[in-house]
């Protein structure tokens, strides 16, 4: 069939490392490998994939998954429960050393596996060829929605005899065999990944012939390629379409531009609370008062941001009566004076985003802070250097954003006690308790009480000076029917939110 | 060209001027060189006197007045945070020119010295110095700079030193290559047989005869260094935000939309770099012509 | 202009033939109006088909500029042709566009440059430079062009052509380069050959050979020749007509016989008087008195007047035009009729040449010196052979004497000199100067030696830094050795300029603004500036006109007596050598074949090569030229990369026997008490 | 000459050694390491995991031990494995070398030819209109950083005119075709070449001006040679020494690629690899890159020296 080719930009270069060790390249698993479940396109709940259905007889401690019948790996081998058991064990295996292992931290026997007293996850069992049982240490009603979503299932018959230590960088990652709608065809380093339609896909054969993931290191070439129709879709990983380029793209009738796409990405000034200068809450509050965030959003960010005064981007998780920290430099000065701020000492200020909008933002922030006597000295650093600064404790202050995902619970690493490195010395047991409580139910109304309470505390104590929730513009070629429509329905786009659900239904416009 | 200066041909009886003194005289008669000097002086002066000339501070942001095209208020418009481009050009020139001059001065001094020594003495000296050159040429700048900032911290002074210390090998190789071709020429032998010291031979006989490509290298290096500074500030060395430099102003303009519809953000810094380098080049050309007695002075003005 | 036309008419009438080149009223200036150098003033001459014209004259008188202007080769600016026409077969060369002139250059008019070394491209092989014009003008194939070039190389006496074609200019001796320049000009068989001092660096035998070659080609091709020379003796032998230039103007022009027999211009007389005679001994040379002309003054009077015995008021007020004397003889002198009556001898002020008191102590002893140059091939420059430039030379130079080194071009004279100075690394041998062995010396030692030794280089242009003024060049040694203060150095430089006959005005000029002879004098001034003990003078006066030669030789003599200077004098002008040297060493192919007191060597030459050499000395009289018997050497020109076994000379020696090809002759002393030591390396020396 | 070459080659061994020691030390001084570079906010790693990773990569050992291990591998002809993806560094470099060679080779050659030609023209017309316009455009050329030049070219030729693709080495997923490849090559090669052409132009001009006054140029003219022969054979030949030097200095980029242009055009060459390896603190790759560059620099240096002596017979190294 002449289904045509869909070209998608992909901003990554570390496919070779493999899904178990990096987020980059993970995107490919959505079309080639599949998980047991997927977040629904619309973000409200999960949908079955390799697992046809599941149930938890004991309110979230034990889960029983019924796998789909007749699913075959791309090489023809039938998919069975053993693959699932194998894959979960692979994630959790300490010898593999996957940063995602923590996702299975609640599974019974995880600790024993980690400290070497067990050689596998005791809680994961194949009941029969097509049934898997997963037992947790304690009841976690949201476990499937929050933890299982981004776990791919790998073919045991291929990876089974690879030593765990050799999984990273294994040849499999550049020649993935999965169960998904597309079959891995070719990988050219720093060029592209080509996948072809899988006529036997269990949700129905895709209409597209193939997808080519074109790899880009830098954002501007993607924009250019989008404009020249060398690619059909922008990848959002680089920050989406740079605000400055929006007008150009909006002029093109073959593109659908979605200018304000919530990224679920709270952006904030980060402080090292272990540093005495920032320990006084008045100092942090002063900084927030000092910055005219509205002006920044309206001008530099051209509206691409939603003012945020606490951690959670989700409406339902935020209290309504938060302190707005409206621009008030006088108050800022007062607070600083009260706190005994030493204006003569400059502040080392690190940041990571190097695109123009963010650089301009930092410039604006610097200017605003300087006006109240906070002399920050921005430094642009790469991740290794930032992590080093975190690690050696020399960190003072910075400008960062962090993906929260769909659920407020995912924000905990930013604020719970002892969470390294992002909590930066903040510890309020009350907050920790609220986060724990938030996971005890899967009823949003019940959960909202905990998170709203937490949002209030975080709004008052400002472990980070919350600035705004990031909004990202995306653009798609109308040539691919289904693509833009899907994104329009999607509530937000973040790293672990799938973007290729129902890709089998997309087609090239005739 | 008919107005080649009279003094040139005048038969001056009496003390003979030094070689470089003679060159200096000829240099001042070179129209293009004079033009270059004036251009350069104007640019430098404008940068030095920036506070008197510019109505705005280089870092005064005005978010509501961003991206304004050139006009009566902001002569060259404003940038993405509403800073006055004209002011930034002037203040940025301070950094760019300082970095350009100092770094190139360092690299030219080291490069010419090492190149002369290696080329003139040859043999083992050459072997060792070439080894040194190879080493420095091999150093991955990116890595060195990242490490350097980490160790000594970012500052403009460090930037200049680092660039200077990394970029001398090209001048050294150029100098050496020229000298290799020159050192066996008879007038050098003649000088040696007169007992002229190596340093005098290098200074009086060799340098004037190999200066032309070196001058080109120096001129071009100023441009490269000014641009290089921009990529350094990107890596945390060089001018740190919000300080402006021509290089990072250009870098900040590297988006398609600015390229297309906000030319006032990139043309001024680009033009300033080009003008600065062009004027340096004119000065260099003048120097070259001044050192070449066969050149008819006053040229380059037609 | 009317006067020019007259002159033209007259000269044309002189030959009565169709003229191929007619130069009319040519004037060339350098530099800005107002302070110009009037290099050529109103020069007119005719050149008939097949005719040979010699232009002689004072160094710096505008000879080179004249001919270069004809071919459009002076740089404009600073050069400027202010008037004149140059009709080549009716077409004005000076008005032609360059593209048209290009068709004529090389093909119809070829030029041999005065400065052979810098005229050749240093990075191209001789072969390429010889063949390229052939290939462009005549469209010859590479092989054919190469063949013709090889023939020509052979004709000018360069041995081992095929190998030498692949060599680069710096690998040749001065004389060899000059011959290559000649070959380059001749190879296209032009209808006019302009030769600018083509034989200055050649020894008499090769000079004779070249003259003969050119003569032959002239007859074969009907080639016309303009031969610039300062060597009256040489041109006397073979040209049809001579034009004498002084200060940018032709002052006398006559058929060659008439010029010598009925000289009318006082300057020409002065020139003839300056020639050392082969017979007369120990008479001091007579240069023309006074300073050379100031060419920065507009040519409105007779430029020779300040130095002329006959000058009167009108000479200083108006410039005499060329006037017919009769028989194709023209002269530019107000008083030529009176001059005619004054014999040559009356102007000759006889004075005795001071005899230097040479001690017996050796200042320099060279023992078994060898200098071999590697011959390299390929990208990796592998050595495939060696040029045995100097191949076992031993001699000593006594304190206060002048040792002359003569010998065929390319026999290793310059190399010997350079090795003595330490500019060339000897492959073997000892060099002892003032009792110290310097072979292989480096650094400090060399520096010490250099304080006492100086060299006048054979290549005047290449040895002057193009970016230094004359003043600085001359003063360099003084500065290097920190002699005197700035002011005293300046005074010393002025003195030196005057000593070598250069006007003070030249001090601020650059080498490229000088004539060949002027450059050579700068080199001499530089060498004597620091009063060294020992000077190696490599053909120091070859490019000078006889009058200035005389002046320089006298200067060297004076220095010798006053300061006890010692000279190693390399030269080819045997009359001059005989005049100025105490002892002579004759070199042949890297070896000294005979060495002895000048009188002995010239009087009773013992080596067959020496005899051949002496027999080739030209005489400054067209009539005498034919009468002397010249020994013409047979055999091929020697090739220093494959020197013959045994006696190097044997393949060309009329006396050679078996033993000569096998055994190296050792030097034997055949001198007498009267003649002193007289070493000769020949198996047959002394035989009848 | 041969002995000179041998001497140089021998001497290059300690030089290479020195380079690697110094660069290893410097690379070590970069903030963070390969393990820290992999930590992302999305996948924070526990301290145990970090320690474990460091152990795996040998990063927990003292630097000199790490260096000795590395040099030990090198001596066994093994460039080691990437910290990031475990692939053999030799393979990675070998895979990317052809692409970089293509891009840089074309760019360098084009720059050399165009630059030299324009430089010669400029010199022949010194201080005339042509010279001024070439000089001006040359300096505009060197004042435009390559990232901007790349953008400019993309804007004009890919976006506005739509003549050429905006990035990549060939149309992704299509089977290789030379035409397609060349179309992709033009813009990045031009972005690289324009800047360098301007540089070569300046050197050629300066050199040519030196040569024009030489007596042998007059001789060549006197022979009635065509102006082109005079300029090229007699003139240019004598200008080649500085040009060859500059070319020789640029040679290593032939193998090292250009980080900026490869990034802008997503050209999968060595430059792209290098920038990644620096960001990832992937020291085996960095060191592999340095080692290759060092060798190339030395070979280029040697080739330049060799070229000197071929181009100018007066050059001698003894």
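Worth pointing out:
Just so it is clear, A, B, C and D label the chains in written order, and each chain counts residues from 1 on its own.
The working rule: contacts are C-beta pairs under 8 Å (C-beta built on N, C-alpha and C of every residue); 3 or more make two chains touch, one makes a residue touch a chain.
Everything numeric in this text was worked out from a predicted model, so none of it was measured.
Chain pair with the larger contact count among B-D and C-D is B-D, by C-beta pairs in contact. In whole angstrom, the spacing between the mean C-alpha positions of chain B and chain D is 22.
Chain A and chain C have CA centres that are 90 Å apart. As a whole-number value, the distance joining the C-alpha centres of chain C and chain D reads 53 Å. If you average the CA atoms of chain A and of chain D, the two centres end up 38 Å from each other. Looking at chain A, one finds that residues 220, 224, 381-382, 385 touch two or more other chains. In chain C, the positions touching at least two other chains are 75, 170, 512.
In chain B, the residues that touch at least two other chains are 146, 150, 184-185, 254-256, 260, 292, 294. The full set of touching chain pairs reads A-B, A-D, B-C, B-D, C-D.
Residue ranges on chain C touching chain D, taken from their complex, read 68, 71-73, 75, 102-107, 110-111, 113, 115, 118-124, 128, 132-133, 136-137, 168, 170-171, 184, 188, 376, 379-382, 461, 512.
Contact residues of chain B toward chain A in the complex are 59-61, 63-64, 66, 80-82, 146, 150, 154, 234-236, 240-242, 252, 254-258, 260. Across the complex, chain B meets chain C through its residues 1-6, 8-19, 22, 184-187, 189-197, 200, 204-205, 208-209, 291-294, 296. Chain A contributes residues 220, 223-224, 242, 244-245, 247-248, 292, 295-296, 298-300, 354, 356-357, 359-360, 362-364, 366-367, 377-382, 385 to its touches with chain B in the complex.
Touching chain D in their complex are the following residues of chain A: 5, 7, 13-14, 16-17, 21-23, 94, 97, 99-100, 102, 165-166, 168-170, 186, 188-192, 194, 210, 212, 214-218, 220-221, 224-225, 227-228, 230, 381-389, 391, 400, 402-403, 413, 419-422, 495-496.
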